[in-house]
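Labels A, B, C, D and E are assigned to the chains in the order they are written; within every chain, residues are numbered from 1.
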Amino acid sequence: MFRVLEVGPTGPATVSDSDDLVGPPPEGVFRWIDLQKQDDALLGLLAERFQFHPLTIEDCSHFDQRPKLEEYGEYLFLVTHGFRLTTSASEPLEVLELHSFLGERYLVTVHVEPIPALEAVWKRLQGEAALVRRGVDFVSYLVTDAIVDSFFPLLDDIAGQVEDVEDQVLGRSRKIELADIFRLKRLLVQLRKVLSPQRDVFGLLAKRGEGWIDQRTALYFRDVYDHVLRIHEWVEGTRDLLGNALDAYLWSASQRTNEIMKRLTLLSAIFLPLTFITGFWGQNFTGLPFDSNGMMVAMLVSCAIVPASMVYFFMRSKWF
Amino acid sequence: MFRVLEVGPTGPATVSDSDDLVGPPPEGVFRWIDLQKQDDALLGLLAERFQFHPLTIEDCSHFDQRPKLEEYGEYLFLVTHGFRLTTSASEPLEVLELHSFLGERYLVTVHVEPIPALEAVWKRLQGEAALVRRGVDFVSYLVTDAIVDSFFPLLDDIAGQVEDVEDQVLGRSRKIELADIFRLKRLLVQLRKVLSPQRDVFGLLAKRGEGWIDQRTALYFRDVYDHVLRIHEWVEGTRDLLGNALDAYLWSASQRTNEIMKRLTLLSAIFLPLTFITGFWGQNFTGLPFDSNGMMVAMLVSCAIVPASMVYFFMRSKWF
Amino acid sequence: MFRVLEVGPTGPATVSDSDDLVGPPPEGVFRWIDLQKQDDALLGLLAERFQFHPLTIEDCSHFDQRPKLEEYGEYLFLVTHGFRLTTSASEPLEVLELHSFLGERYLVTVHVEPIPALEAVWKRLQGEAALVRRGVDFVSYLVTDAIVDSFFPLLDDIAGQVEDVEDQVLGRSRKIELADIFRLKRLLVQLRKVLSPQRDVFGLLAKRGEGWIDQRTALYFRDVYDHVLRIHEWVEGTRDLLGNALDAYLWSASQRTNEIMKRLTLLSAIFLPLTFITGFWGQNFTGLPFDSNGMMVAMLVSCAIVPASMVYFFMRSKWF
Amino acid sequence: MFRVLEVGPTGPATVSDSDDLVGPPPEGVFRWIDLQKQDDALLGLLAERFQFHPLTIEDCSHFDQRPKLEEYGEYLFLVTHGFRLTTSASEPLEVLELHSFLGERYLVTVHVEPIPALEAVWKRLQGEAALVRRGVDFVSYLVTDAIVDSFFPLLDDIAGQVEDVEDQVLGRSRKIELADIFRLKRLLVQLRKVLSPQRDVFGLLAKRGEGWIDQRTALYFRDVYDHVLRIHEWVEGTRDLLGNALDAYLWSASQRTNEIMKRLTLLSAIFLPLTFITGFWGQNFTGLPFDSNGMMVAMLVSCAIVPASMVYFFMRSKWF
Amino acid sequence: MFRVLEVGPTGPATVSDSDDLVGPPPEGVFRWIDLQKQDDALLGLLAERFQFHPLTIEDCSHFDQRPKLEEYGEYLFLVTHGFRLTTSASEPLEVLELHSFLGERYLVTVHVEPIPALEAVWKRLQGEAALVRRGVDFVSYLVTDAIVDSFFPLLDDIAGQVEDVEDQVLGRSRKIELADIFRLKRLLVQLRKVLSPQRDVFGLLAKRGEGWIDQRTALYFRDVYDHVLRIHEWVEGTRDLLGNALDAYLWSASQRTNEIMKRLTLLSAIFLPLTFITGFWGQNFTGLPFDSNGMMVAMLVSCAIVPASMVYFFMRSKWF
């Protein structure tokens, strides 16, 4: 499935899904071809009409590339990653991979699943042909900017969960399982794995004069670069916090068990003298004054006083 | 809300909040326009009169930028961060973000909340017009220097708290909760997140010949750079200390529980032989000499001697 | 044992194991000599006919080199590593070392054990002489690409095992022993040890104009470089996950022991009051109402009520 | 308080504390002005006579600078740090800060507390005027070299303490408290904080042609640089060792408590069967053979045999 | 003690310990002077005859330099480190320091203790004068190569011990004490401390055109460089493994104690109901059927059944 957004020197943008438009645009025309890949048939068309390098076409057949920026004579080939949270435990982050070919007057974007951020830009540009006339590099900026900005809600979500871990350790709530912590950890590891090459890509784009990137547009990419840097630093900081939180979480789980045992041991300790007292008067020595009422009262009193004073002592020492 | 501090070739500084002064100053005049942003209305004025780049105007609408330094043809755009401690647990550090536009003879500062360090410089310059005549880059230095210097009391505060954690582990005081340690950790993570780009910014400013920074002023920025470096190293060292202190804190909490259990177990151990002795003489064997006073005395003596010698042994072994 | 694959200007590829072909090919002919080393005899032939540097010949006698790329006037000497999982605990990864001499029209590959990835390329090239005519550097690319691609199934295997560790900690399965975790750790350490020089090698090859590497082929090596980078990042991320998983694994093993002790301690606690009650009525005081049926019933009821209410309390407190 | 050491083209060195000598020396004369700062009065003199930059003068008013090297047109400004151990727990290392102004023929050193290493060089140079005639850069080398060399006894001291920690964990001695470990940790953190900028400073000085540093003297600074590198590596290695030692220390403290509890639990276990035996024969069943001497002997024998065999079993299993 | 190996344009190598030969060789002659330092007397001779720089002579008086490479006009000064295992706990690795002066036609090696690797090269060169005629840089390569190669058996030894630690944790053997782990750790820290500057030294030597190093010989040094890199990576990997192994070792020691306590607690639990049963029938209520044989049998049966079923339950739950 593909669609083409075309903007001529004047007039509004036109959208079409005609096969004929898949190819380099004529002079004075800007073209954005968005291809949601279902099979490899359309890729052949790209290869044929645009003469894209076999390596880039092959990359578009396997959607598991690192974010990268490669310069070919006629165009830039750009791989960027967006994300979507999934419910999977082993790969909690689904990568939404976007491949872009950025030529002088055309932008070809290839992806497998619909990317909401891209969709939003597509809609916006239909109404604002002027934005496209600033050049396809600016269109590419708008798309990647939208993708990077869509990370932030995700970060807030993760930050909230890390705080939940801390809250649980501090006994304020009880929402987090160990499985959730492992999932968070995996989230951060996945994020970092993608962000660090993404950072390099936008760092290159932000430098002026790379391939078909206009100097004015490079200023905008510098902005995206700054956002990626901020996310990267955020991930590093959060990993640090989560590491500590995991340690404290494990500790608090053990500590809870130990606290229970301590209380039980305190209980045992309280019964110890009672066992001795009753054991003492359970002896069969005929010499013991078993018929002395005074002794019996003393025994009864001890059975009350001794544990009571132990409880008092334990409480004063804050052992409970 | 905005205000303008203007210094002509001679005469004292004048302060005004006239709308007309928002714009590039005439020849020979230095102008510092300080804008405490409440809505985006005034930004439009800046964009119109100064022709600031749309990206920088947009940055001023979203106060969550990384510290950065961007060179535009006519001016430098500078984002720096100050701090204020808050009582929030999840973000214990409130960032006071300052955006500066530094042109040839004007400095425009934009911020949302009042920044005490900036306020102090403003007051000082009203009286010392000569300082402004050294150039607006020097004014910018004075502001950022004041902001960076305002970090140091904060560091002392944090250092004190880290020592409190250690003191608590060592049993010297009892002021710190686990929640405080998490908060300290977050403080350091936040500090580091801001300091590392801030370091880059001042590193660039300290190099001579950047945009509108005079060579003489660059020497002063080198000083600020050195301070930021020192704070950065301090944060790294403190993270290291806090990491160890957290480990030791958790350990000492567990250890306290274990110590109590050990003492209780010692107590149990002391009663064990007593239980045996009284149990022994509680048996119903007719052959046992229940009417022997000697045996009874022996029993009574054992009930005193055995636990006493156990206590003695435990104490000598330093088991208590 | 050796074999030679030769491709002339036209016609299909010929395979031979004739001794005469071990040497530089005549003009217009491409030659791939694959040598599975059994003794050092054949190396002498290489040294003599190709005039390879004594150092590279010596390297080929000791198959324990780091991945490296060395440029000699007439040829590139390349050491790359593949892997095979073994059952050994101390070195779970067997390195399949491949030494390549890449000249203008010849490629000499030397290895000790058969390398499946190389074998596959050898078979493919027998049928596609055209690929060889693109140059021996392209043949070298095909071999190293196949070797690097053969890492991916290995990574999936390791990832699965790391998840198994987490699952076990979470109590979902019970497949992993501590010995397995140590083995995984060693796997990752070995992988990293090899990948980081391998990354440097392909980084150099991906740059244009190195020795006999054609600019077109360099584009392909850039692809291999990207794969190695991805694997490297994967290994770093997995080390991180495994480190946490090991901590949690040890913790969960300890925690299991503690949980059992807690339950046993709970059991003890339930019997404590019973011991006191029966001990109390085991005393020999004549004043105690041993013939009161009411008392006896009270004793019997306590023996049921007291432990029952303790169990109830413990359960309500979620101590079990 | 200040003093001046002056060396003319010939003749011995003269020492004076005359106010007049505070200033650039006449042609052919080398001057070392050493200023032990008590108030800021003398700094004004330096600023006036040497025309030192206000920033460097300001730095000399606040003795808490990072080690740094700044080049001003006429002189180098150099901040280096020495150390002295203190008894303070929070800052176990007192920094002895030395500020140097190194001009063509003068060296001005400013410090607050007496620095023994500097004192030693001062005394030595009084007798060896020839050394001063090699240039003031060589004098500066002598001073910094003496300061860096004075680190080594400190390192030996720290190393000894780290070994003490290990010895204690291994049960060989008992000299170290947790507070000592925290103090050691702080020592290393402080050392590192100062060494890493110091390393940069000497790295710059070791490169030829920096400001007033002669090429011949640069060779000597390279030597100091090497020493700083060695100390830096030593600190890193020691931090690593201390980290492990702290872990093991905490572990061994917990383990000691656990060992005591294990022994007590063993003791309890030994008494358990005894309690059962005596409890059994304490029952009031008339059917039990209380008058059988054989049974009584059997009971007595069990009371000896059962615990004895348990002790034997525990010992054989190495549970004690 | 010194000795000189001299090789003229033709003829075999001659060995001598004549004082006269300590000095630059005449034209066409290569000289290797090996000096086993006992006192500083001979150093003066070197300084006088070769005009070595005072700094290098001073370095030779203090054998505790970092590995380094310094270029002086006439010669290279090279410090490299070999190792020897000692039985000392605090410094398990004795560094064998070798200082070399490499001139155009002479090599001067200075060391304190005999270095076996150097000895082997010395013997070999006596028979192969041709090797010396390739240049003294080649002799220097042979010596350093032999020293670096002598590291490998040491590495195998360490690797074996790290595996022993793991085996012990896994319960397979019992050879390692905590003291051994500390010693291993120190070994690795010491190795790393020396290897990282050594790596820099050989990296420089491997680059062509450094001082008196021939381009051909640089190729050989590149080989040594690769070996050092490999050792360095090995050390990093092993540190990682040892870190985990130490954690697991401490855990397993604690876990052993806990396991014993768990078993003892299980034992206690088994006796608990017995204590209750016998306690129950030890009461003095006249209403209890003490003369009922049925009751007595029930009591006896319970005393057998109850613990047996507990043991069964514990075993089924795998609590033992």
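Operating definition for what follows: contacts are C-beta pairs under 8 Å (C-beta built on N, C-alpha and C of every residue); 3 or more make two chains touch, one makes a residue touch a chain.
Predicted model, so just to flag it, every value in this text is computed and none were measured.
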Labels of chains that are neighbours to chain B and to chain C: A
Superposition rotation for chain C onto chain D, Cα-based, multiple of 5°: 145
Centroid distance [mean C-alpha coordinates] between chain C and chain A, Å: 25
Gap in Å, rounded to a whole number, between the CA centres of chain E and chain A: 41
Two or more partner chains touched - positions in chain C: 247, 254, 258, 261, 265, 268, 275, 279, 282-284, 288
Ring topology as an ordered chain list, initiated at chain A and continued via chain B: A, B, D, E, C
Parts of chain A lying in touch with chain C, wherever the complex brings them together: 53, 55, 59, 65-66, 68, 70, 89-90, 177-179, 182, 185-186, 189-190, 192-193, 196-197, 243, 246-247, 250, 253-254, 257-258, 260-261, 264-265, 267-268, 271, 274-275, 278-279, 281-284, 288, 290-291, 293, 295-296, 299, 303
Contact set on chain E toward chain C in their complex: 159, 163, 166, 169-170, 219-220, 222-223, 226, 229-230, 233-234, 237, 240-241, 244-245, 247-248, 251, 254-255, 258-259, 261-262, 265-266, 268-269, 272-273, 275-276, 279-280, 282-288, 319
